[in-house]
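Please go over the structures that come below.
Two complexes follow with subunit A in common, the first pairing it with subunit B and the second with subunit C.
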Partner chain A sequence: MGGMHGHSDGAAHVATCADCQARAGLRGLDVDLNRVWIGVAGEVWAREVGWVERTAGRLLRSPGLARALLTTPSLLLSWLLASVAVLAIGVLATHTSGEPWVALLAPGLAGAAIAYAYGPGIDPAFELSRSMVVSDRVVLLARGLAVFALNALLGLAASLVAGQAVGLTWGWLVPMTMVSALGLAGATLARSANTGVAVALAGWAMIVLAGRAETRDLAAAVTPGDLLPLYFVGTALCLVAALYATNGRRSEVTLWR
Partner chain B sequence: MDDDALLAAVAAGDDQSLRELFERHAPWVAGRLRRLLAPSAVEDVMQETFVAIWRGARTYQGGGPVGAWIWGIARRQAALWARRHGRADLERSLETMLERPAADDPAAAAANRADLAQALDGLGPEADAQRELVRLVYVEDRPLADVARLLGVPEGTVKSRLFTVRGRLRAALGGGY
Partner chain C sequence: MTVIDERPAAANGANGHRPPNVAVRDLSQRFGRTRVLDGLDLEIGRGVFGLLGPNGAGKTTLLRTLATVLSPAGGSVRLLGFDPSDAGERRAFRRRLGYLPQSLGYYANFTVFEFVEYFALLKEIPAARVRPAVARAIERVELEERARAKLKTLSGGMLRRVGIAQAIVNEPDLLLLDEPTAGLDPEQRVSFRALLREFGARGTVIVSTHLVEDVGAACTEVGVMDRGRILFRGTPDGLVERGVGFAAGDSPLERGYGAVLAASRS
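For the complex of A and B:
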């Protein structure tokens, strides 16, 4: 490309002309700039490995996976403290109102956390993780399982403290699985953690409100019964969508963020 | 954010600003280096260049365009690469060759534009935002300021979007151009 009329192709001009820079970019299309960025990011984000990461690396037999796991946005201390605070408010609300707020909050929290386990655009380590030997899917699986397990534990502890009925203590686990899968599907399809959070929370709110409208009971959504098939089918469909969204070829296509 | 503000943020340790600077400047610097170096060598030089920018952003004194400063670093890194790889011949001619304008060939430019027009089909339907961007910038050859006005976004956003569309364009044109 020779550039636009009246523009010089000399370096001194191109270095200062946005129009010529745009056209000069066409010359190096065979240069893989994503690979270059991964290399740059690797140097920029290089840091000393702490004992937690070393231990996790030994346990997982993969230092890369350990790094990916420990940099998960929804496993960072600030996120965990926020989750504990929300559940603590749920415990208080459950005690004062008699409604199962912990059971209703836990799936929403988990859905948001799972969406934030996948983070192009919000998680610098995501791009670094792409330089690892382990695939994106393995990283996502490890992160998703860790986030889910931690949220299940937090929810369970909050349920026990709230003194909910036995059925309710476990009842939210199935919807939580579905909402988590929904958040994951939303995040991976849109390549946006925030979209995943919005999809998960909106989906869960609709289920809760629909159950409330039909039965006049806020707890309907977490006392599965008739809703079990919906939850199982929903979970399966969302997982298929997430698998589709994270297949290699589709991941190569970069969308607007 | 303009380039000066981005570089100031990089100097303060903001890696997201480095990414933004990379998206704006890496494509043209790579295109320029590609005139003399093989793709793998360009990738090495580009990596060293942006790591040097990250480490040396504080040394930028202003007083000149950021693009020219970045290009100066890239040129030096290319010379270092040639020296490391025992390419004394290349090292000697590199600086002058990289500065010089390419031989202007109107026929080749017209053919390239025709290839791009064809490649548009590979970028999706006519309403596709990325396809529209490529059409405006590369086929219609419009200035970026016009494109930014037409799309209702800042010029810096147009540059970032051009970086994003690069992968699809590369695929549509068959890997190399």
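For the complex of A and C:
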């Protein structure tokens, strides 16, 4: 910076300084230095896009949606490591106690993760997001599905490591869907991710404890059977609630108050 | 209540040659029992339109409706010739929209560039044009020195400029700005007004503000709102004329604004 003649060597300065352009022999040439500077600045200031984001962008056919996906709080590495740690404890507990702790923990984890996926209480720029070409509902769908799929994979891996019965290994998937929908509904209705987590965990705990009280079996909540209709109806109701909570009118009423 | 319309006869949309960029008919918004917009009619063409009004007048709700954040409870809206109630047209309209909300939430750990780039991507600017467009927007709001700074390290005025950068990154034809100058220092406000005039020369800019001097310096037209209705629309000079003889207010525009409000409430 700062040449002998007291002028900056920066492209931005040269772009507007006739003296510097004359010294550099650029005067009279058909060069839009400001445009060059903007191009250089864009490359210098940007962070490199990783292969995961590039791949996601191609698969989703939307770089914006890919970026929105990769900035999901509950898909960040720290969150995933915490989930793996909880499931590892579940594997240990299953081995030592014989109770299906992985199957009981997996839905709760997914519910918490979904509550932190997206919505007016999680995204500080939610109002702005609602005016974008890539709509907030599409972002919600992409993030919700990604978080759910990843948690299902983690739960499945933990179930296999824990050596649970085949019925139990798959038995938690349906309740996981309902608990995830419960977390999403709680988070979006209350505009608070923490509330969503609390609703999901409390709801799941109540189902598990009610099943245990009725059958004296801790695994009752994750054993397919009489509870299936409850899970399906619960999932549908929670998704409707989440859609209502993320429509413009509901958001506006809350903002306005 | 009578709306005072002092628009020039050749104002965009009024001459029959060019459809207005914003055409609102009988627009209403109601939250619970509260009527926020009350049968509002508005046509706005090219230029900078300043929206003045007291707190609770409905300015922010109007801008949210025009930004398609909020769907109308009643009436119709056409924006840049598009009908936003149709999903496809809404998407097409949003490509040409710039919006700065009153309270811009931000991601604390994003850099200035990342934040503006994120919204450029969500606006579906073609991939090859995103980085130059973001750099240009950052340069226009004079934040080049802080382009790689995290948002959590910026002052309130700088954050407001980041918000303006994301609003203009797609070179919008309709730019909606809700209290854009809040937190800007006087020098930045002067630069910002030049930016408004630049966008107003080729599209429509609607600025909601409490600062009457912004309207006088940058706006080609002004509207005064109260209780969900437009009480006055015309040129800043027209508003000044309305204030002749009105005592309250430190400047001619403030006196005009006060006179319009007082007349509507008397």
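Throughout what follows, the second predicted complex is superposed on the first by the 186 of 257 C-alpha atoms of A that agree within 3 Å, B and C clash if a C-alpha of one lies under 4 Å from a C-alpha of the other, contacts with A are read in each partner's own complex, and residues count from 1 in each chain.
Definition applied: contacts are C-beta pairs under 8 Å (C-beta built on N, C-alpha and C of every residue); 3 or more make two chains touch, one makes a residue touch a chain.
None of these values were measured; they are calculated from a predicted model.
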- request: State whether A:Trp45 touches subunit B only (first), subunit C only (second), both chains, or neither.
  value: both
- prompt: Should A:Val36 be classified as contacting the first partner (subunit B), the second (subunit C), both, or neither?
  reply: first
Query: Is A:Asp19 in contact with subunit B, with subunit C, with both, or with neither (first, second, both, neither)?
result: first
Message: I'd like to know which partner A:Thr71 touches here: subunit B for first, subunit C for second, both or neither.
response: second
Query: What part of subunit A is shared between its subunit B contacts and its subunit C contacts?
result: 12, 35, 39, 41, 43, 45, 124, 252-253, 256-257
Field: Sites on subunit C touched by subunit A in the complex
entry: 31-32, 36, 61, 64, 67-71, 73, 91, 94-95, 97, 99, 101, 103-107, 111, 113-114, 117-119, 121-124, 127, 130-136, 138-139, 144, 147-148, 166
Query: Where on subunit A does subunit C make contact in their complex?
result: 12, 35, 38-39, 41-43, 45-47, 62-64, 67-68, 71, 123-135, 248-249, 251-253, 256-257
Query: Can you list the subunit A residues touching subunit B in their complex?
result: 1-2, 4, 8-12, 14-16, 18-37, 39-41, 43-45, 124, 252-257
Statement: Residue positions on subunit B within touch of subunit A in the complex are 15-16, 18-19, 22, 25-28, 30-35, 39, 42-43, 46-47, 50-51, 54, 65, 67-68, 70-71, 75, 98-102, 104-106, 108-109, 112-113, 116, 129-130, 137-138, 141, 143-145, 155, 159, 161-164, 166-170, 173, 175-177
